[in-house]
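Down below are the structures I want you to see.
Each of the two complexes below includes chain A, the first together with chain B, the second together with chain C.
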Partner chain A sequence: MARFVAIRLARALLTIGMVVTFAFVVLRASGDPARAMLSPETPAAAVEAFRKAWGLDAPVGVQYARYVLAIVQGDLGQSMRDGRAAITVVAERIPVTLMLTGPALALNLLLGIPAGIYAALKHGRLADRLVMAIAVAGFTVPSFVLGLVLVLAFAVELPWFPSGGAGTLRQLVLPVVTLGLGGAAVLARFTRSAMLEVLGQSYIRTASAKGVPWRGVVTGHALPNAAIPVLTIVGFMVGNLIAGTVLVESVFSWPGVGSLLVVSVVSRDLAVVQCILLVVAAAMIVTNVSVDLLYGVLDPRLRDASYPIGGA
Partner chain B sequence: MTRIDLTRRQALTAALAAGMLTSPGVKALGGDIKNSTRRQLKVGMSGFPRTFDPVIATDTAIRRIMPQLFDTLIAFDHAHGMALRPALAEHWERIDAQSLRVVLRKGVIFHDGSPLTAEDVAFSLGPDHLLGPGRGGMSEALQSLDRLQEVEVVDPYTVIVHAKGADALLEQRLATWGAEIVSKRAFAAAGSWERWTAAPVGSGPYKLVDHKLDIHVTLAAHDAYWGGRPPFDAVEYRIIPELSARMNGLLAGELDLVTDIPPDQFSAIQKRPDLEVAGGAVQNIRSLVLDQTDPVLKDARIRRAMSLAVDRKLIVESLWENRLPIPNGYQLPSYGQGYIENFPALTYDPVKAKELLAAAGYKGEQITYRLLNNYYPNQVSGAQTMIEMWRAVGLNVKIQMMENFAQIQRQPVHAIYDTSNTALFLDHLGHPWREYGPNGSLPKLVGVWRNEEYFALGAKLQETVEADRRRPIIRRMLEIINEIDPPSIILHVSGQFYGKRRDVAWLPGLTLDLNFGPFNQALSRT
Partner chain C sequence: MTDACKEPIIEIADLHVAFDNVPALHGVDLSLRRGESVGMVGESGCGKSVTWLAALGLLPQRAQISGSVRLAGEELLHEPASRLDKVRGGRIAMIFQDPASALNPVQKVGDQIIEVLRLHRGMERHAARAEARRLFDQVGIPDPARRLDAYPHEFSGGQNQRIMIAMALAGRPEILIADEPTTALDVTIQAQILDLLQQIQREMGMALVLISHDLGIIGELCERVLVLYAGRVVEEAPVDRLFAQPHHPYTQGLLKALPSLETKPHRLVAIPGVVPSATDLPMGCAFAPRCAQRVERCGEWASELASIPNEGRHKAACLHVASELAPAEVVAA
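The block that comes next holds the complex of A and B.
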């Protein structure tokens, strides 16, 4: 078990190191942060003073070394737009995003999994086709299109909900529905596929032949076995909770991590971008490790460390 | 006694200031607003201001807030062709060509309750403030105030502003971006630039209450404002970068005013009886920079041909609903005596363009157009239109999409690219000179244009005070940048358009500034 944890920890650190380096290289290679941050009318002297103030006048290698050294010491830098510590800027956005993605994930699960199970159990019938048609529509319509349609319908034409912003329950409804419907559609399709595969297995036929009631076959044998691939998808969704909402946050002016990432990338607010990527990478790693552990709970064979499963 | 050389414009301004002196205080046009219940104003704005101090930066988002928080000594009157009017200065007078005596208004109260004195003025326009954090020069205000030598305190309500040399534009400099007066006491109390920029103290009609990065900026009325009671109880700027989200907020009735509305959204606003489009031309010129160091563009005839091939009238009619003027040269009528009325208009002459290309021996070599994705409204549509216009005269221009100005200006540039330039003060020196002068962005920062004759003329213009001596210099400078050695293709005067509720009385000004105080002509009538 210790070896299992050590390997995953090492992989996690390697992943974080790669993320940090990738972000640094890409953001620096795509333009001078001072020119990206400042308006095109900024005089040359002010640009130079800005570069000096933020250490951008040093060679890129020196900047990278300083950056890595600071991270090792727990300092993720300061926002060039805000002047505060980048971690403070990002940390105050995380609860706002979770306020949106938490209910959306719940909607994903509560709609998607039952719909997928229902479709699988009604395989080939009208109900199956109907559920799948809705699911296909759900995940083929881009979230920003769905969001705009919902705003036009339920904020502009019918003023039932605010068109954007955060802070009240009413402001939560449209973005959660936008985010939740797309995810539920994906989950419904995966759940259906997983269930159909399991329902075709011999142990299901055996259980039925032994006289186990159909409800018992489904809940006792089919669902637990179908849960592993579904759990993998849910793992990705949970991993996306922090930064997977860029488009929806933009459409609804939701002041979360996703919209912060967009603005920070555009303005080359390096410390903030790098901080977000670190947080997201950490969230992904924690989620993957949690999913690995849950695999073991769902399938006793996987508790054996030598059994081949995916990792972080 | 020192001889004072005043231009007619300065004399008129002084007379205006003197006339206004006779009243106990300059009231907002139409009087004050004491009676009615005030509403909160909700503004949807595209960007968050990265500072709340007036000298550090002059980004659009910052300028949309500054007039609410601060006053300058002298102000541009947007309702009267940008004439100068008294603000924190009750009146002013020239001592000589490089000094100005300014008498401060009494009874001006900062947001923290302290009174305005000459010490605040000396501090605001002195090196500890003007040079930015640590006197490091991180200050965009210097682009217009670098000619200030010193502010001498005469008594608590009188200062003498000294320029570094003769300066015909000293009054205008005191009215422009970055010349806002801050509270010296509050700055000292803040203890650091970081704390100060987060919560600055000015004397404007609204005070800063709260702000949160990329979310909102909230202001409350400063009822002790010297210019009269502010028309709104509070102003809330909501930061909404996405155009569709701003539009939805306006259409849903959640916002009173939204900024940065492109012409393709006008009809959606105009078909609603409760909404309207406001705005128009501002003191800013849109142009295309031409890299003089490019192997093809180094020939001025090719640069001139590119300009002659552009049908500006068609662009303005088709992309801007004919709402923007085309200037005659790199100048604006608001320059006053510095405006050369009879300077030739920008012409569309494809025949002459072809002749120039033939004379230059142009054989279809590629010219690269580094283009941003609608950083400026209608930028991509305009570029595509011009590509076809250039193709029609035989010019081979290819678009190369870029993400930001850092990429646009990456060396070697060897390309053309879009830019815009604000007239910080209304004169050649406050506008094209800022861009093309030796310390301007083109020669110094990007390094794509130099003209020694232009530089020498500009240096001479800075030291010349008399209008009749300045005009020939300005004309020659215009000839250089328009005809002889063009650093850019002038497109049109820039526009700023807003969507707003009809029942909100407010008039946009002639700059990027938003003014929700009692000096806004529409608000003074409510």
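The block that comes next holds the complex of A and C.
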């Protein structure tokens, strides 16, 4: 167990180190922050002063060293746009984004998993084909297209929901559906195939042969086994949601971390971008560790270090 | 033995099974008396498992099934699941070939047994656990109190099969179907499991159906044997009769392929050829293409089990038995 934790920690640190470096390299390589931040008419002297103030005049290696050192000391820098600590700027957006991703994840799980189970239990019949046809449609349509279609349909044609902004429950509906539907479709397909695989196993026949009613076979024997591969996909799902939220927040002018990222990248607000990337990396690491721990809960074979099945 | 013991506990009649219109069973008849032990033998794919899976309603829905399966006189075939759930595990229990995959990998073995005790014997959790411990004892799992909380992967193949047997016994069945219970196990473990089955069958007085492709195993445990080939029973006899005087050339072939103390392994004679696939069965006797004793008419003869003259309990489905052909007519290969 101690080894498991140590390996996990080392991996997490490595990931964060890579994210930090990546952010630095990409943002420095893609343009001059001073130029992006200041208007084109700014006098050369003022640009120089700006560079000096933000340490942009030092050699890149030194900048990188300072930057890493600051992060290690817990200093994520200041936003070049409004001078506040980057972490403060990002932190106030996090709850706004969670208001979107939380319900979207719930939609993923509560729609995708039952739909997949249902389709598997109706394998080969009309209901199965119908659910799968919808699922295929659901994940082939890109989310920005879906978002625009939803806005046209339910905000413009039928003015049921507002097309953007945050604050009310009604404003939440369209962005959550846009963000959650694709993942639900992926999860439905995956849950279905996991269930079909499990339903073909010998222990399912054993359960029926010992007189367990079909409902009990499904809930007591098939689902607990199918949950193991489905969990893997739920882990990916969280990553997809984080990526998707950037897009959906822009489409629906949702003032979350995603919108902040777009604005900050455009204006080369380095500290804020780096801070967002760190937050995202941390979220992914927390997700992966939770998934690993849940594996242990779901699968006794993984709790047993001596048993030769993949795992951590 | 009293008369009650003689009456059949289960009677399968004219059982036909087809998958996507390809027949797998062509009318199997089988009856089993209370407490009797019957073996079913035949090469892989000849319909041994399908017979019992069909009887218990365990085949996928696309399987087309007809005929009759009567348990103590009551029809089981096409009965609603709610009624079959009482029979399965309660009156007829079944154990399977690969014990490692036949147990639920994410459930404690004790809970898998307790599930049967609660379903079929209405036991409370506490009583069920005590009974599960006793069953573990009975099938020879050491340290039962602790091992009930282990998972299947923590046991060896042989131990898992013992757990399957304990699970089968939990419902106090009248019939135990053991479908190749030792095929996946080491030879030494095989013998132990067979001993256990035999001992339990005697103690509990239940009927035992032992499915195997190994006549030797069946010879040791069973009173009566059914030989299956390509979805039909081709010979049926008390064990000693079958060993002494096999009538069907297929049975003769199986016996020749059997290692014994006298024959050295290299002198074993395998039956030439392979079982025909269900999609292109030959006309007439399905064994004819592999049969050294075939004659012209085998190709059009409608296979039928017939009693051997003066031997009511010995039947074979061979043209030579049916017509008692003179040996001269045999086209020797």
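One rule holds for everything that comes next: the second predicted complex is superposed on the first by the 297 of 312 C-alpha atoms of A that agree within 3 Å, B and C clash if a C-alpha of one lies under 4 Å from a C-alpha of the other, contacts with A are read in each partner's own complex, and residues count from 1 in each chain.
Keep in mind that, in the parts below, contacts are C-beta pairs under 8 Å (C-beta built on N, C-alpha and C of every residue); 3 or more make two chains touch, one makes a residue touch a chain.
Since we're looking at a predicted model, the values are computed, not measured.
**Student:** Given the superposition on chain A, are chain B and chain C in a clash or a fit?
**Tutor:** Superposition result for chain B and chain C: fit.
**Student:** Should A:Arg268 be classified as contacting the first partner (chain B), the second (chain C), both, or neither?
**Tutor:** After superposing on A, A:Arg268 lies in contact with chain B but is clear of chain C.
**Student:** Looking only at chain A, is it chain B or chain C that touches more of its residues?
**Tutor:** Higher number of touched chain A residues: B.
**Student:** Would you check which partner chain A:Asp82 touches, where first means chain B only, second means chain C only, and both and neither mean what they say?
**Tutor:** A:Asp82: touches chain B, not chain C.
**Student:** Does the superposition put A:Val156 against chain B (first), chain C (second), both, or neither?
**Tutor:** First partner only.
**Student:** Would you sort A:Glu48 into first (chain B), second (chain C), both or neither based on which partner it touches?
**Tutor:** Once the two structures are laid over each other on A, A:Glu48 reaches chain B alone.
**Student:** Considering only the touch criterion stated at the top, classify A:Pro33 as touching first (chain B), second (chain C), both, or neither.
**Tutor:** In the superposition, A:Pro33 contacts chain B only.
**Student:** I want to verify one number. Taking the Cα centroids, what angle sits at chain A between chain B and chain C, in steps of 10 degrees?
**Tutor:** Superposed on A, the angle at chain A reads 160 degrees.
**Student:** Given the touch rule stated above, what does A:Leu148 touch, chain B (first), chain C (second), both, or neither?
**Tutor:** First partner only.
**Student:** Between chain B and chain C, report the minimum C-alpha distance in the superposition, expressed in whole angstrom.
**Tutor:** After superposing on chain A, chain B and chain C come no closer than 50 Å at C-alpha.
**Student:** Tell me, which parts of chain A touch chain B in their complex?
**Tutor:** Listed in rising order, the residues are 30-50, 52-53, 79, 81-83, 89, 148, 151-152, 155-156, 159, 162-165, 250-253, 255, 259-260, 262-263, 266, 268.
**Student:** Please give the residue numbers of chain B that touch chain A in the complex, ascending.
**Tutor:** The touching residues are 48, 50, 57-60, 132-133, 136-140, 142-143, 194, 197-198, 212-215, 238-242, 244-245, 248-249, 251-254, 403-407, 409-410, 419-422, 434, 439-441, 444-445.
**Student:** Using the touch definition up top, name the residues of chain C that touch chain A in the complex.
**Tutor:** 53, 56, 58, 81-82, 85-90, 93-94, 96, 98, 101-107, 115-116, 119-120, 151, 153-154, 164, 167-168, 171
**Student:** Using the touch rule from the top, collect the residues of chain A that touch chain C in their complex.
**Tutor:** Answer in residue numbers: 201-203, 205-214, 220-221, 224-225, 228, 298-301, 304, 307.
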